[in-house]
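As written, the chains take the letters A, B, C, D, E and F, and residue 1 is the first residue of each chain.
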Amino acid sequence: METLNTLWATTGIASLSFGALVMIVVGLLLIYLAIVHKFEPLLLLPIGFGAVLTNIPLAGMNEAGGVLYTLYSSGVATGLFPLLIFLGVGAMTDFSALLANPRMLLLGAAAQFGIFATLVGAVALNLVPGVEFTIQQAAAIAIIGGADGPTAIYLSSQLAPELLGAIAVAAYSYMALVPVLQPPIMRLLTTKKEREIKMVQLKPVSKRARILFPLMVLILTFLLLPTAAPLIGMFCFGNLMRESGVVDRLSKAAQNELINLVTIFLGLAVGAQLTAGSFLTVQTLGILLLGAFAFCLGTAAGVLMAKLMNLVSKQEINPLIGAAGVSAVPMAARVVNQEGLRANQHNFLLMHAMGPNVAGVLGSAVAAGILLALAG
Amino acid sequence: METLNTLWATTGIASLSFGALVMIVVGLLLIYLAIVHKFEPLLLLPIGFGAVLTNIPLAGMNEAGGVLYTLYSSGVATGLFPLLIFLGVGAMTDFSALLANPRMLLLGAAAQFGIFATLVGAVALNLVPGVEFTIQQAAAIAIIGGADGPTAIYLSSQLAPELLGAIAVAAYSYMALVPVLQPPIMRLLTTKKEREIKMVQLKPVSKRARILFPLMVLILTFLLLPTAAPLIGMFCFGNLMRESGVVDRLSKAAQNELINLVTIFLGLAVGAQLTAGSFLTVQTLGILLLGAFAFCLGTAAGVLMAKLMNLVSKQEINPLIGAAGVSAVPMAARVVNQEGLRANQHNFLLMHAMGPNVAGVLGSAVAAGILLALAG
Amino acid sequence: METLNTLWATTGIASLSFGALVMIVVGLLLIYLAIVHKFEPLLLLPIGFGAVLTNIPLAGMNEAGGVLYTLYSSGVATGLFPLLIFLGVGAMTDFSALLANPRMLLLGAAAQFGIFATLVGAVALNLVPGVEFTIQQAAAIAIIGGADGPTAIYLSSQLAPELLGAIAVAAYSYMALVPVLQPPIMRLLTTKKEREIKMVQLKPVSKRARILFPLMVLILTFLLLPTAAPLIGMFCFGNLMRESGVVDRLSKAAQNELINLVTIFLGLAVGAQLTAGSFLTVQTLGILLLGAFAFCLGTAAGVLMAKLMNLVSKQEINPLIGAAGVSAVPMAARVVNQEGLRANQHNFLLMHAMGPNVAGVLGSAVAAGILLALAG
Amino acid sequence: MSDLFADTFEIMLAGMGGVFIFLILLTFAVGLLTKLCPEITAPKGGVDAQTPAKETPNVASSDNASAAAKLAAVTVAVQKYRQARGSAADQQE
Amino acid sequence: MSDLFADTFEIMLAGMGGVFIFLILLTFAVGLLTKLCPEITAPKGGVDAQTPAKETPNVASSDNASAAAKLAAVTVAVQKYRQARGSAADQQE
Amino acid sequence: MSDLFADTFEIMLAGMGGVFIFLILLTFAVGLLTKLCPEITAPKGGVDAQTPAKETPNVASSDNASAAAKLAAVTVAVQKYRQARGSAADQQE
């Protein structure tokens, strides 16, 4: 009889809390979005599953000794997992389009305006009663505008781990929503004539230039912004392995085994941060709001920068590609291509958009470094 | 001269102990069984090698700072490695046969009788002078009847780490011995006519059902048996990655890289627990005895349950497939198929046996959760 | 204004030190050698990159909490990474050539003279003012003569971690320089007639012998030299997985995923030890000098041993293959082949040189065990 | 001792009961699931589509099939060859 | 509060400035880099060399090309076959 | 200092001795091993069996060999093609 009581006491039903239930529904919702709507499934499926697991009462998977806790404390709190993902992303990134047209870096810079404007916005939200963001939290939220998952996770693990779950969910959700969020802004800020601009074909880039590029970025980082060195350094390491051509087996391991395994672990560990106490707050609403704000502002800033460049320079660029400066590789570049085709059936912008797209990755890593330096 | 003395003092011959020697022979025996008799080589080869390494005097590979100790403390004591293996197994498991015929779950339930009867048996062994099992130890031993390696390793790492080596060796050895242990019991409990029963072909199962199944199992676990959530949760996560179809690269990484690497580490770390002090005891004899007992009882219970179901229901099932309910995937299902063919050359039971076979995996994970709740 | 000051204070320019700058140049030099001159790129590219990253001021990547520190403390200080590499190397090594002609083991033994003579040489360098090597440091330096990267890294992580960076760089650099360092010595010590000696074709070796060989080595290690058990044990484990034929998927994982991933981590972590304080010392000059000395002496000893064996035995061997006894697999064997072809266009020595080559790996692991026993 | 026995016996009963309750509930749930998510008939067509492809090797003597198969062989082989040459070229570069 | 606001505003300005400085410097550096390391014209030849190979499947009827392609196909296939047999043999041994 | 020297010298002698003892014992052990586990003559047949296969590309004009090779090529290629199509189909599902 006592045994049955014990058994009953260890059922989930007996110790169900409303908050945990809601969070499990949130986890299932993320899984639904990942599977049915293909919302960044590589991350949102593990995150959603981690969210369900962490909220199962009595299982203690996110308490000391639990498997999710082990993954979080050894891989996320130390920054190891997001940096390894960034290493793999570096090994997967081809900078040819950017090297062929380095002015694209300006678009990647402009699109980071979303980050810094959101920083101010987050602090402004403090005027709303019940919301209280420190400058560290505001910085971690603002980086959502960087549209780069590992950067966002790394920065919030360093500046505001208590918000990490919400920030990661917001970052990946908005990256998945790029095809919905960006087009209206892109059309609003451009004329049909501008959208029809065809761009000149890109010159090929020498192998030597592609090898020296990551080293050059690294040296610039070392001289100007050492706080960005972990992110940019690992990224450049991956890219150098790729381009050097002498460590093919390591480069392939970084692009496949490493990134796949770490993605599984990172997703589960990040999902495990989605507990009722930390997620079901007014702050989370603020984060979701600010994230959308950041994405839209970054898109607008990229497009407007492209228009500004057309005023100054003779070689015209299609302002649509400015929107790819937020990164969200390669989704944003695809959206640009699609909008270009809408304007003119023969206007293929994909390759041209890859330049600002990868520039945006560097841009948001630089912005993260600055936030670590100034708000850290 | 002194140098030579030092050198002599550091030879293994000089510090040989009888116990270590016996354990090295045990390790070599496991390696022999793995290579020559193909006894679950993926696990027993690393376990055997780990057993040899851990017993080399003066090498200290299983002491603080040693490589086997590092693997054990970071991966086995935390439960991480068996859970990751379970994740990979989930990604490799196809539940179609079970979904096409869900009554098979009852066979997977019945076969767990081996576990619980063995629990009583282990406590009964306390009557033998010199044997003394606590209820935690009895539970860890009983789970050998689950015929599922990672489950057994996980449970004993949580309840009775001091018995982990012996329990893992017993579990994998008996799983390898399934083709020897099961057939006599199966034949004893069935008539030739029963063994000749042909089963109706399985209906195909929709993709949606296969996707929703792991989520359904997870929710049931959350509601009824949260203590089983680490095991069942990781298993369902792997299975969801497999079936969802949207994270193919993660699913493949879980089935290959992850499971292979973790198997190497887990095997070495488990083997390292096979020291003279913990293995050359009367308890180990008890464990080996009880393990065989558990396997045989589980097999019998599965077969008898199938016969009982035939009494109640009209759609006949071949009672042989009940034996597959102990899990030991896919060996037990193959044994069923073989016995079916022995009775009737045209009676192919493999696909039908896969249902109770995977049901047995769930069943023993459920049993592990109950043991954690009641004896933990 | 204050913000700008803070930002300036966090630039690398503001906190540049001369030592860090030199070390970054050293790192870039290693990367240059790896990419342009193919100097052991699999290790020297990550090591060079790690050296750059660790010397970026303010980034703190090698301080507690930094990613390089995390990799070093969990994987190198514990000996885990070099041992896992050795496991993978074991899985990649084919001992057929050695088993077909076991006398080749003597060449692998003789070539270790480089190690022990360098030990004396390192202690002798203490006579130079400003240089002060302990016996542990001397032993760690001497192992460079083993021409085996993981062995050198493992031994110095155990005996002299403060010299690890310099020792690893020296070891891999000289391994890359084998085609430059060895030929003059080989020609100096042999006559053209000797170099023209053709060797009899190797007999095939049975699968059973190839399976039993790693176990035999392991047992000999256990009896005679337990301090070498971590290195030789992991190596033999890899080789047994390879030859047993029953754990193909584990063997392939060890040869690919495991070795690739660990190489990335190990390289970065070793490179992170290349800080100004530990590298820009007179000691480093001594290490580079002694390393070259060790390589040359080992080569000479191998060649002379082969000549000695020709005096004693009737079945002639080409003394060039003695040079392969230093290991540096497979570079040294290729150099032997090339020198053989130079002497006689039809004299293919590659397969014959593989015997002493893999014997050299065992030889230096044995030497490492002896140094751990006597100088540890 | 007999207390431990009684406890263990109770665990056995509760345990077997628990396992059965869990898996019986799952049985009903799966029944419901497969009823709500039936397999659409399409896959049968899918199997049909695959069948001729599977038979190709057997009818390799018949002209059309073998021609197609040869083309496929050639295409694959040339791609392989080009890849091999391409990556070799990469490394020589 | 307004202090925090002012600080944040300053971070915004310094941040956007920093991002632009970094990436503008990088723009010039890349310009310099691509000027110093121009793409050699060789790749055009490389593309030419590749073109006929790419067309091979289309001209499979033309004699020479198809013969070469067939030879390649046969070579690859036989190698594959031998590998497969070889590894199977290994496991049966 | 000279003490350290003497010690080191002793380590050198003991070390070289140890290495030689270990590897000489291993030499004898291997000799014994290969004597006890001789290679069975089967492999020679195995090599013979392989030889014609290796020569196939050279004798591709000879009828039988080339027919077999072609069949192998076709089989492999069709399998590859089917695999490729199969996995593509999986992802489109």
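Keep in mind that, in the parts below, a residue touches a chain if its C-beta (ideal position, glycine included) is under 8 Å from a C-beta of that chain, and two chains touch if they have at least 3 such contacts.
Predicted model only: the values in this text are computed from it and were never measured.
Undergrad: Count of steps on the shortest touching-chain route from chain C to chain D?
TA: The least step count works out to 2.
Undergrad: Of all the other chains, whose mean CA position lies farthest from chain E?
TA: Centroid comparison gives B as the farthest chain from chain E.
Undergrad: Comparing C-F against C-E, which pair counts more contacting C-beta pairs?
TA: Answer to which pair has more contacts is C-F.
Undergrad: Using mean Cα positions as chain centres, tell me which chain lies farthest from chain D.
TA: Checked the centroid distances; the maximum from chain D is C.
Undergrad: How many angstrom lie between the CA centroids of chain A and chain B, rounded to a whole number?
TA: 41
Undergrad: Based only on mean CA positions, could you tell me how far chain A sits from chain E in angstrom?
TA: 24
Undergrad: In angstrom, rounded to a whole number, how far apart do the mean CA points of chain D and chain F lie?
TA: Roughly 32 Å, centre to centre.
Undergrad: Multi-chain contacts in chain B: which residues touch at least two other chains?
TA: Those would be 3, 7, 224-225, 245, 257, 370, 374.
Undergrad: Please list all residues of chain E that touch 2 or more other chains.
TA: Within chain E, the residues that touch at least two other chains are 7, 11, 14, 18, 70, 73-77.
Undergrad: Any idea which chain C residues touch chain A in the complex?
TA: Interface residues on the chain C side: 3, 6-7, 10-13, 15, 24, 28, 31, 34-35, 38, 41-42, 45-46, 49, 52-53, 56-59, 61, 65-67, 70-71, 256-257, 260-261, 263-264, 268.
Undergrad: Where on chain B is chain D touching in the complex?
TA: Answer in residue numbers: 98-100, 102-103, 105-106, 108-109, 112-113, 115-117, 119-120, 123-124, 126, 135, 138, 203-206, 208-209, 212-213, 216-217, 220, 224-225, 359, 362-363, 366-367, 370-371, 374-375.
Undergrad: Could you list, by residue number, the parts of chain C that touch chain E in their complex?
TA: 2-4, 7, 207, 245, 248
Undergrad: Residue numbers of chain D touching chain B in their complex, please.
TA: Of all residues in chain D, those touching chain B are 1, 4-5, 7-9, 11-12, 14-16, 18-27, 29-31, 33-34, 37-40, 43.
Undergrad: Could you pull out which chain D residues touch chain A in their complex?
TA: Of all residues in chain D, those touching chain A are 7, 10-11, 13-14, 18, 90-91, 93.
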